[in-house]
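There are structures below to look over.
Two complexes, one shared chain (chain A), two partners (chain B, chain C).
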Partner chain A sequence: MTAAAVTAAGDIRRRRTWAWITAALVLAYFGATYGIAHGTIYTQGLISQAMIFAVLAVSLDLVAGMTGLYSLGHAGLFALGAYTTALLGHAGWNIYLLLPISIIGAGLVGAVLGTLSLRVSGLYFAIMTFIFSLVVTVILQDFAFTGGLNGTPGPIYPSLPSWAIFLGNPLVWTIAVVLLIAVTIVWSIRASAMYPVLLAIRDAEPFAAANGVRTAAIKIGVFALSAGLAGMAGWAFSFSGYISPQQFTWTTSVNILVMVIFGGINTRLGPIIGAAFVSAFPIVVHIDPLVQELIYGLVFVAIIVFFPGGVMGLVMLVIHRLTRRRSGPPLAAAAAGDTAPVGHVEVEATSSPPRRTGSEEYALEATGITFSYVKGVKAVEEVDFRVRRGSVHGLIGPNGSGKSTLVNLVAGRLRPDEGTIVANGRRIDRLDAATRPAHGIRRTFQSAVLVRDLSVRENVTIGLYHRTPNVAGRSLVWPLLPGALRDHREMRGAADTALQTAGLAASWNGARVADVPHGVEQLTQLAAACVGEPSILILDEPLAGLSTREIEQVSEILNDLRERGVTVIVVEHQTHFIFSMCDDVTVLAAGRLVVSGPAEQVRSNERVREVYLGQ
Partner chain B sequence: MLQVLLSGLATGAIYGLVAMAFAIVFYVTRVINFATGQLLMVSIMTVSGLAAVGLPGWAAIIAGLVLSTGFGVGIYFGAVRPVLKVGRGGFAWLVSTLGVAIILASIAAIIFGPTSRAFPELLHHESVRIGDASTTWQELLAIIVAVVVLIAFELFRRRTLFGKVGMAISSDPEMASAIGANATAYAVLAFAIGGLLAGAAGVLVGPITYANPYLGDTYGIAGFIGLMIGGIEKPAAAMGGGLLLGVLSVLANTYINSQAADWFPFAVVVVVLLIAPHGLFASGNLFRRWFGRRGNVATMGTRA
Partner chain C sequence: MSGEALQIEGLSAGYGRFDVVHDIALRVESGEAVALLGPNGAGKTTVLRAIMGMLRHRRGRIEVAGTDVTTMPTHRIARGHVGLVPEGRRLFLDQTVEDNLRLGGLRLRHDRERVEALLGSVYELFPAVGRYRNRPANALSGGEQQMVAIGRMMMSDPALMLLDEPSLGLAPLAIQDLARALTALREQGRSILLVEQRVDLALQVCDRVYILSGGRIVRESSASTIDAEGRELIDAFLG
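Then we have the complex of A and B:
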């Protein structure tokens, strides 16, 4: 209680400091803008262009870096905003009205592109957006209304009213504000609880879906947002003079991607640094344009080949080296904590059969389930699988008996060909995997699929995604919302508690998953499933690769879950563990049900001994 | 009609060779080599340049093919292998091969200047009459080369152990190397064949287009679109896509207007991608694939 109050107070103090720093930065940013707006035409042009490309790079990093979708269509979306503004501006539309039109228009096109291509794959998305870029160029070149190859002059940006004339060039101010908006949105998402979720979509899609993340919808939404930002860049760009198709070819799309990778993909400053470098390079370096093109190509192949992390990757490497020399490897400290169990390990629990718990009511009822991966070969055939509420239910069978298939059917990764699945009184067999957590179902995977770039704690917060209201929507302005910050704090706190319950020493919480041993990874996965307080928890081979001590830990977690009344389904090969821990056991063989019932009864069943236990 | 079909197939043969160059590389390494069009340009420029200094046509052509093949292998070692080592999941190869495309085009422009140059005549431009249509030996040669390449590749893939191992590598590189297949050798071979096919396409199209450092863009994109129409998963399908694209472009040119060849391919590829995302010739019969699929969408990601 007091500890919580102390951290809360510390949090408020820290937040105040951050607010001050942010305010100072924004002020400095506007100060710099003031300077540029009074600079020479050359400086203004150079920096305005760099800022517009920074908007594009930041928006591309949102899809490419955070969500793993390599869009090659950003030049096309950029063109959409620019041409919409230019053409409608000539037709007499108000240019401020054209800003939302450009953003929403490009956003909608992005949503359509995303919907069409993401049903297939990430590579297909890159190809589809590439072709979109080509199509846009062709439309701009070959149709009269766009001005053809010659392009069209952009609308003239209105001058400032007399009281504000001291600000200087209004277009510079406008572009500065546009960049600020883009950066605010993208950085907010980075700071929000949405960030781990996006990385999970990128690196561990099944894990994200198992935690209730509608991955397809979010991918489309993120791309639509990024497209809208590109449209906004196009709006601002249209005022800078003549616009023509050559400015928006597929090479521009590639250039934007190069900016992101050059500066450092999935970093805050990287895309901005990259945009500044790549867009200023041809203007500042005065050499033969052909040689310049060659140097440009060489630099960008060299970067991707030798420094895949880009400029920011190099910077981080240097910082890492410096700090490590000072404070020693951070991992050594974490490793010292180890997975020391909490002390009172009841070894008894693993050897003597527990009292049979659970009510007579079924939490999960799967009836007549049939499923085949390939036509004609049934992986699961007419299986009935009933799990009593509050019981720990073991699911065993030889390899290929259909255990994992059955689990995937219940968790929603697969859909049965025949049969019904009812969980907590609701029929769920036709629902997506991502909607099942809302019906109280959570699962773990045989081999943990977590986000390796994130910390153990952040991975566990993904488990709270569907219980926290409107994370996706609020993430756009996350740091500005006190409620969101409070929720985030609570999510982290709940994650820490869940990790503690899972028996992990607190020193692991901040470690990157890529750096932790397998056992810690498995327990993290378990914590991520438990933190959402499911009513039905499915554990797919939770003991795979665990040490004896970690297995005891899992037994304890199971007992704890049992006490809390959670229905647990355990798929395991270790029959000793199953028969000592479970109330009921179901045995499958060759896709068919062998027997299902109280553990003792199943253990003494003739056929089970014959088929599975080999006795 | 026969006339349209013939000149369409001749154009399509070039697109098909480039598409196949893309597809063979993708087939083995899961990488799209975006500098494929530039390899075509390399062979055209080499042939044109060497012929201009007095080398006989056949020697210039051999040199052009050797160079485009060599550059193909060079791309693998310089721009693809290093980034694949970092991680197979990302799309770093996409950026690095596009970078190579820029480098090759600018080097060619620096050496030869950005304008078009003469290309030695391969075969006579005399017209040949087939039925009531007329064509040139040049065009017929392109079609013949495309057909020979297609048949040779399919025989190689299906009938030889080498080809079968290539299939294994394409479906699971780690497993294939676990059973002793040398994935690197196959990747090098794929990039070499890709370079050779692109180079051959260059030699075949050079007499019509003349030599220009920026040809790579035009034919690279056309070949890529042929690839998308046919299907990226099978080199033979890519060739089919290229041929179809050629015929459709000529049809559009003849029956719509002379500008149609610019935008028509894009209209075709968009329609194809919408109705059959994996390409028209991707896996057996398109209609069987459509109607054979049950409403079981959720099974898609399970084989992983």
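Then we have the complex of A and C:
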């Protein structure tokens, strides 16, 4: 308790320090804005444009960098905001009312574009959004109400009241505030517990879904948010004079992506640096246009070739070099303390899962399950699979007998062609994977599906996503919410405890998953599944690649889980482990049930010896 | 048979700027099967990757069949009759099983008969792989994919075979098949360096054993004496 109090006190102190630093930065930002608002028209125009592009680049980084949706439609969304404001502003609408209209309008269109990402991904998504940009340009050019090729004049931005006239150009202030809003939202998400979840959607979608993340809804939501920010940029841009279709062509979309990549994708400052460089370069460098384009191209190619992380990647490299001596080698340090302090870690008594009501003997009942990947070839055929509540249940069979298929059917990656699955008294076979954790089901994957760019600890916090209230909504202003920060701290603490229980030395917790050996990945995904405190835990070959000592550790974890009443389903090939650990065992061969029953009976079964065990 | 299929001296290698393994000395005689055992994170995979030239950061000397390959690029090492079954299988999941296997035999593409013969021997060894030869690799179960990965390595007809946990995900009967296959390949005069967590499999197949811990080789022993001493030694290092 005292330890917790100390951490809380330290947390409050850190928060105070950060609050002061943030306040100082915001003050400096407004000071700079004051300077710019009193600058020459040239400076004002140059920096305003760079700031608007910074809003676009930051909003694109949210979808491209964090969520892996490479959009080439941001110029179109930008145009929506700008034209909405220009046309309705001329019709006499209040320009401040047009701000939320521009944001929501672009956001709704973004939501529609975002749904495309559910059907196509990667390059195809980029092409679809690219076509959206083309269509917007065509509409702007060919319709009379938009002013056609000539464009349309934007509304005049109202001047400041007399008491505020000392601030200078009001448009500069407005754009500065718009950028501040965009940066605050995107940086908040980056600092929140949502960030690992977004990266999981980007790199390890099955893992995200298995932890209760509704990946489809979040992709659409994030894209809509990004589109709204682009619409906001368009609103601010419309006041800068004439707007015309040429300003919003697909080349603008590509330019925004170039800014993000040039500055450093998925970094805080990268998109802003990129926007400043790309939008200011052609204006600041006064030379022959041809030479200018050449130099611009060469600089860009050089950065990408030599520093794929962009400008921020280069900066981080330099910082890393300068601080090299101080920080020890993470891997070597981790390897030295290879396994956890031997000795059994008690699982907290408070963390036992709520016992479900209902007196049924079985936690899971799958009846008459049939499934085919390809028509005519049944991977699983009329399988009955019943698991007693609180038991450890082994699922074995030759390679290709349908074990993983059955696991995926129960965990929701696949849906059965025939048959029913009932978990904890509720029928679940028609629900998708992301809703299964709400029914107490968690699973691990045969080849660990984790986010390689994140640390071991951050990966485990994803397992707490659906137990933490409203992570997605709160992430927009995360650092401003004391409750969110407390939850975040508790998530990290719970992750560390789960990793310790899984038998990993604490030195691994901060290591990037890309740098850890296979066995550590296995224990990490086990910890991520356990931290969610499931009532039914499904483990697909949890021992693959583990050493004898680690296998003993896993055995202890399973015994603990059994004592706490958790039902565990294990797919494994290590028969010694299966028959010493499991209460019941089910054997599949060629997609059909061979036998199911108490471990001892199954072990001595003649058919099992023949098809699986040998000898 | 005489001479060394693989000779490593003073090898230090790792990722980025950090060494994972230090001052490794190891040899595999021609026609010998050697196991490299050790706990997770000891650096076993790193040693295999260093031999294959897949790590930029390496020091020391690596010789394959008397040729210095220390600074050679991976494709030349592979052409020099070294085959690898990598950690994580690394199959081309959208390609058919047979295309995956044929890719392994790319080195021998001008010798069609030999490729067909090798293909036949893979299918003989793993009948399941032969049954699914025209399916995309991702339609196979994890264990079956592992068999394809081993088969793909065999397709290049290597003199020295590096295997990174080939038993991963294999059912007991399939592991016995694998042990028989490795023994048969060895009897053909091939050399094997086997990284395994399944100590029983390693001892069944191999003549000699190195134990790697914390990035250093802490013990070398013949497989039979380890058998004789019981599991104590292994337990001490592998837990």
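Definition applied: the second predicted complex is superposed on the first by the 593 of 615 C-alpha atoms of A that agree within 3 Å, B and C clash if a C-alpha of one lies under 4 Å from a C-alpha of the other, contacts with A are read in each partner's own complex, and residues count from 1 in each chain.
One rule holds for everything that comes next: a residue touches a chain if its C-beta (ideal position, glycine included) is under 8 Å from a C-beta of that chain, and two chains touch if they have at least 3 such contacts.
From a predicted model like this one, the values you see are computed outputs, not experimental measurements.
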Which superposed partner A:Y373 touches (first chain B, second chain C, both, neither): both
Chain B versus chain C as contact partner of A:A544, first or second or both or neither: second
Touched partner set for A:R413, first chain B, second chain C, both or neither: first
First (chain B), second (chain C), both or neither touched by A:V254: first
First (chain B), second (chain C), both or neither touched by A:R512: neither
Touching partner for A:L294 - first (chain B), second (chain C), both, neither: first
Contacts of A:R492 with chain B and chain C, given as first, second, both or neither: neither
On chain A, positions contacted by chain B and by chain C: 373
Contact set on chain A toward chain B in their complex: 70, 72, 116-117, 119-120, 122-124, 126-128, 131, 134-135, 138-139, 141-142, 205-206, 251, 254, 257-258, 261, 288, 290-291, 293-294, 296-298, 300-301, 304-306, 308, 373, 408, 412-415, 417, 432-433
Contacting residues of chain C [partner chain A, same complex]: 14-20, 39-43, 45, 87-88, 128, 139-144, 146-147, 165, 168-176, 197, 199, 213-215, 235, 238-239
Touching residues on chain B, where the partner in the complex is chain A: 32, 78-79, 82-83, 86, 91-92, 94-96, 98-103, 105-107, 109-110, 114, 221, 225, 228, 232, 259, 262-263, 266, 269-270, 273-274, 277-278, 296, 298-299, 301-303
Residue ranges of chain A in contact with chain C within the complex: 324, 329-332, 334-336, 338-339, 373-374, 396-401, 403-404, 446-447, 515-520, 541, 544-550, 552, 573, 575, 611-614
